[in-house]
Amino acid sequence: MEDLLRKLANEFLQRPDAECFIGYEEGPNGSVRPAFIRRPEDIHRLVWNQKCYPNLTAYLPDFPKQKRVIGITVKGCDARALRELIRAHQVERHSVYVVGLPCTGLKTPGEDRIAERCFGCVFPEAFQYDAALGPMKTPDGLARTEYETLDNLSNKERREFWKLEFEKCIRCDACRKICYACFCPECILDSTQPRWLSRRQNLGEKLFFHSVRALHLVGRCIGCGECERACPAGVRLMLLNRYLQKQLEDLFGYRGAGILEDAPPLLTFLRDDPDPFTGGFE
Amino acid sequence: MGKVRIGVFICHCGSNIGGFINIHNVLEYTRGLPLVKHTEDNLYTCSDGGLSSIKEKITEHNLNRVIVAACTPRTHEALFRRACEEVGLNRYLFEFVNIREHCSWIHMNEPEAATEKAMELIRLGVMKAAHLVPLEAASTQVKPATLIIGGGASGLSAAVNLANQGFDVHIVEQTGKLGGLASRLWKLMPGDRLAHEFVEPLVNTVKKSKHIKIYLNSIVKEISGFIGEFNIEVKTPQGKKDFSVGTVIVATGARELTPIGLYHHGELQGVLTQLELEQMLKRGRKRFRNIVFINCAGARTPDREYCGRLCCATSIKNARYLREISPSSSVTVLQRDVMAFGTEFELEYRRAQDAGVRFIRYEPDRPPEVIGEKKVSSVRVYHTLSGEEIMLPASMVVLTTPLIPNEGAAELSRMLKVPIDRYNFFLEAHLKLRPVEFATDGVYIAGAARFPVDIREAVAQGIAAAAKAAAPMTAGEVILEATIARTEPLLCSGCGNCEMVCPFAAVEVRKDDKIQNKSFVNAVLCKGCGACTAVCPNGAIQQLGFTDHQIFSMIETMAFEDGSDVF
Amino acid sequence: MLKAHQKKSVLVLGGGIAGLQAAIDLGNLGFHVYLVERSPSVGGRMAQLDKTFPTNDCSICILSPKMNECSSHPNITLWTYSELIKIEGNIGAFRAKIKRKSRYIIEDLCVGCMQCVEECIYKKPKFPNEFDLGLSKRKPIYKPFPQAVPPLVLIDAKTCIQFKTGNCEQNCAKACERHAIDFNQKEEITDLKIGAVVVATGFDMLDTSGIEEYGACQIPNVVTGLEFERLLSASGPTTGHVLRPSDNHAPKKIAFIQCVGSRDIRNHTYCSGVCCMHATKEAILANEHDREVMSTIFYTDIRAAGKTFQEYVTRAKKEYSVSYIRSRPAFVKEDENTGDLYVTYEETTTREKRSDAFDMVVLCQALEPSGTDGLSEILGFSLDAHGFIQIPNPLSAPVDTTRPGVLAVGFATGPRDIPESVVLASAAAGRVAELLRS
Amino acid sequence: MSSENKSKAYQPKILVFACNWCSYAGADMAGVSRLQMPPNCRVIRVMCSARVRPEMILSALFKGIDAVLVLGCHPGDCHYSEGNYYTRRRGIILKKLFDAFGMMQERFQIRWISAAEGVRFSETIREMVERVARLGPNPLGKDHGRFTP
């Protein structure tokens, strides 16, 4: 499979309009990291295995928008990200050459079992690619695998849970930096006019930070789990993202970013949406 | 514009505020707020004395923000803004604080708490005022010319009205002839007039007018621009014609539904529509035998739910004429509800009954059945009153079908960015109060393209749309909203959230040679609701006068009470 | 806007929705408009409605911006509590005399604070409030309704002690810090030069007291459509809780009787045009307020001929427990112990005679043109057989009366719903521009 | 506020956003009708309820304001035709976010108030104040950010 990957990358780099091919390469201590291949002689560095965690589409908005084409490998989740980036005018479809990866689920680092981030994955197959590393097929059971949720926690337990989680948070912004969906030139959380968020390390400010992040990801989170992987403190951010995505599906039938070509759920409406606000106080 | 210097004027409103709020304490408190350089109280700030005091103090203390704490901005804001403007202070550097409707009047029994609340409301106002910036309401020129799409009764009436006011009019008509559906009818209601007696003078007036240009057999290919200057491309038999106009009236009309297959129309000889009957009458046919009308053919059904509005009146009219022309004929109208609303139609209904037309009610779940081989012979119907099926001999069956929009409505809706409903009727700006306008400024709607109308209504709507279009053209310009949205390009990522939620298509993400993927607000279209601002992830687009910074500073001062975190 | 010397003036009679719309459109066309309204506030009938069909828009929410727009429009002079008494001249050069009745309040001084109302010698409101059709009470000094434009109070001389006895303590005048109360105020006559007149005087309700079989004006729980509308309104006498007058109980079964005095040879032969829809709306709203309410509408024909009206009726049936029975009830009888009502009618499909019990009956009475008799004398135009202003040539000139330069719109010219009235109002503005500019 | 007042019975502070066309007018009507209500609310006028970005609600609550109430036209009545439909969806999701945290659910409400509903405005304010008073002070309020569940 990797041979095919290198062959495709090589072919792509021969194109006169090729800028760069983004894939994965071996990093230190058996890790895998993003590789930016510009010369055909470097294609041997490319790998594809169950440790290819990063969502490479996050790098696309950083490339200056120009006529040149970028090659990129995408897993199913990344393909959804790509579709969302195209919808949000951050990437133009004709300026990317997409190689689909037949993902069967990533492995937990250092262990031989499927990573929890892949549990419940409804869309492991890449799509809308220009070439693929083989037929896409849904691995059995992944979508049905139960993952941890907040559902069984009481209000008080949830409060306690998040208090402990956010006490760990050191406000390093890694979750924000790694997310494919964060592409504003300047984040609202860094704004000084107004200064929505101070640098104080208190619970209120941390709640604000993570709430704003979660809300900005409503309908745009693809569940890739990169935020949680990037967090040095191990804050369980995916619990929040997954919780909200579940609500979107239940309330508005929205299955998730990039799955269909529908509008993100907060940017559209139905006249007969549920209305919990009509009556008196419940 | 230098350092912020705020003046606060607190109104007693007689005893309406002063009777419940300790104005003295409020004044003391306000004086201590940051950036406040002048405070005073007035018995009535809205009185001539109060207004002159505002003007004097602006000059005397070099104030560059003014706050009045008094009643509601909904009634008095314009007055105080004008006062500021009169001494050269931009009207948008004024901020209103409501301490009457929202304070003294609703806390009459708690003077202390009301006083504290007034203080806080003023503090909120001061924080917002500190972030106010001068704004200018722009204006845009309006060309004194109108494009009217459709040369039927309503389009022509609009054209004549506008031409008589001295405006240039371009009429684009799809067919080779002016007059629309009315010109194909025999007699019109109300008033027993032959259709051509109404249509011909109207068409002749249009043809003679030096202000009106007519494009027959033509269609509008492209429309760009907005109120003031729409650029129009028309495809005519002589080739492409380009021109520009200040306003556009959509009057594309409607046509009769041809009910192929319904009640054996097109299968049995002698099954017609009302229009086919009228044309038969127009040709002068005089002898009729047993005629059965079936109303609501193709209307008020699950897939075409609407009532055709004027079809009942049409059937009443034609039924009576048949009885008058051919007294030996028998005419029966099968109906569901007789929509003879108002004075004239109800009168016509009575006249038809007096003339011997039989009206029989049928139920939609037991519709009439048209019977015949090759040629219609009878109609079987369940008679709701007698509760039994009856058989009506029929030499002719006339189906009363509703009007449906003319083709091309969807295409026009796309070009003009105005909405249509599920039947392709155009959707006006407001069903009740803005029946001939679209939400888009400068584009108007008249006649059956909006919903079925009779001739009188079509004409009235045409003239009404002309009046609407004439207003900005008479003024020569439109003054635009000042508190509209504006994008800061350096912050904009071009994600398009703003574009998606704008109800007026005023925001678009532009990608051209100069602008690389940035949102852009069209000041002419923006109505200043702020929906875009709320969905912009990083605040790159802001609603002027209601910016994030202005509102956030109010929230913050409310949270921290002393406001020290802000300054 | 046009320069002042180019401006011609236009007189608009009636400050309901049609008059307001005509005034605004004329003002926007650069004419100076005198909007003359007989009652103390603009707003007309629409201000009394709770919601409007078929969108269930809150009526005052959409009307109130128009009222304010009119009062603050630079080209509109608003004279409420005023009437046209005489007109001379011809199109382009009419001379009109306007009587400005006395509210006993100096308009420029009053800020509408209602301190005077508070202090009136009558501690409790005692006299029927016209805006609520007598369902609530007001004092002799009062504001017509909270959103009134202009937002001023007035004194009703018929009920005011000062006017009746000449020696009231005049608490109101003492309470007014702005000295706005003037018991000696006299009515004024003002002369105007105008180019055209637009008549938009709207409708009144048929006096139902003659319709004895339905117990109108006799049985407390038999109310008229507009009264029911006030009961539905959040700003009405019951703050939007529908309560029947006899015992303030919330009704669960409501009957609406259509064509009361319309399509009726004893009263008006014409169809009033809007009752089918307002009954449907009121039945929907009653159910929205209280899901247990079941309404029955007794009708002759359901005339749902406007845009999305048919869909509205379908929704009423499917979602709001509204049933429609085709029948003209014979009579309504009251059970005097309970206040409940029995509606006797013939089920036209089965020919069966039935008598059903209801908690409340709403009569959708005929609507008739308002003030047209007097105006036809003053303005010299003709009326039709029903008293509506005659439009001699409805097809080509749908707003022109028999007198050149005098246009008529809205319900004064025949039964119209709100959008039809608004269309005609705008059309009148267009006609004025055509007549005075060409 | 003076320190003397702080020692009195707990008085919640509630931030109200009201749209210009319906709800602000409804609040004005409550005033004109002299409907008395507790003095705990501060109304900020916006042109449309859709202008209220969630960050405003979040920052108010997380900075310690006791509650936030957003008021808009009834669905279908929006002056800008569809703004309040966005408000509604956003409000639903914001409530779900608070559910996820197990906090603030009751301290954030949306209500539709028309220009005619002065009474509804006053009742809504009264109920909101009573309800928040029962909940007690915003736990994030007192000593800004120190928080015990």
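Just so it is clear, A, B, C and D label the chains in written order, and each chain counts residues from 1 on its own.
The rule is simple: a residue touches a chain if its C-beta (ideal position, glycine included) is under 8 Å from a C-beta of that chain, and two chains touch if they have at least 3 such contacts.
Bear in mind that the values here come from a model prediction, so they are computed numbers and not experimental data.
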Which two chains meet at the most C-beta pairs? B-C
Of all chains shown, the one whose Cα mean is least distant from the combined Cα mean is B
Between chain C and chain D, what is the gap in Å from one C-alpha centre to the other? 36
Just curious, how far off is chain C from chain A if you go by their C-alpha centres, in Å? 60
Report, in whole Å, the distance between the mean C-alpha point of chain A and the mean C-alpha point of chain B. 43
Distance between chain B and chain C based on Cα centroids, please, to the nearest Å. 24
Please set out, as single numbers or ranges, the residues of chain D touching at least two other chains. 25, 32, 54-55, 59, 63-64, 76, 82, 86, 90
Where chain A touches two or more other chains at once, by residue number: 188, 196, 266-267
For chain B, give me the residues that contact two or more of the other chains. 74, 501, 535, 548, 552, 556
So with touch defined the way it is at the top, what topology do the chains form here? Options are line, ring, star, complete, other. other
Pairwise, which chains touch? A-B, A-D, B-C, B-D, C-D
Residues of chain B that touch chain D when the two form their complex: 72-74, 98, 100-103, 105-110, 113-114, 116-117, 120-121, 124, 439, 483, 501, 503-504, 527-531, 533-535, 543, 546, 548, 551-552, 554-556, 558-561
What residues of chain B sit close enough to touch chain C in their complex? 13-16, 43-44, 46, 74-75, 78, 157, 161, 164-166, 188, 190-191, 193, 198, 201-202, 300, 305-310, 312, 337-347, 350, 384-385, 387, 425, 430-436, 450-451, 455-457, 459-461, 463-468, 470-471, 474-475
Going by the contact rule set out above, which residues of chain D touch chain C in the complex? 21-22, 25, 29, 32-33, 73-74, 76-77, 114-120
Could you list, by residue number, the parts of chain A that touch chain D in their complex? 150, 153-163, 188, 196, 200, 202-205, 207-208, 211-212, 214-215, 218, 239-240, 243-244, 247-248, 251-252, 265-267, 269-271, 273-278, 280-281
Enumerate the contact residues on chain C facing chain D in the complex. 50, 55-62, 64-65, 114, 146-147, 233-235, 239-240
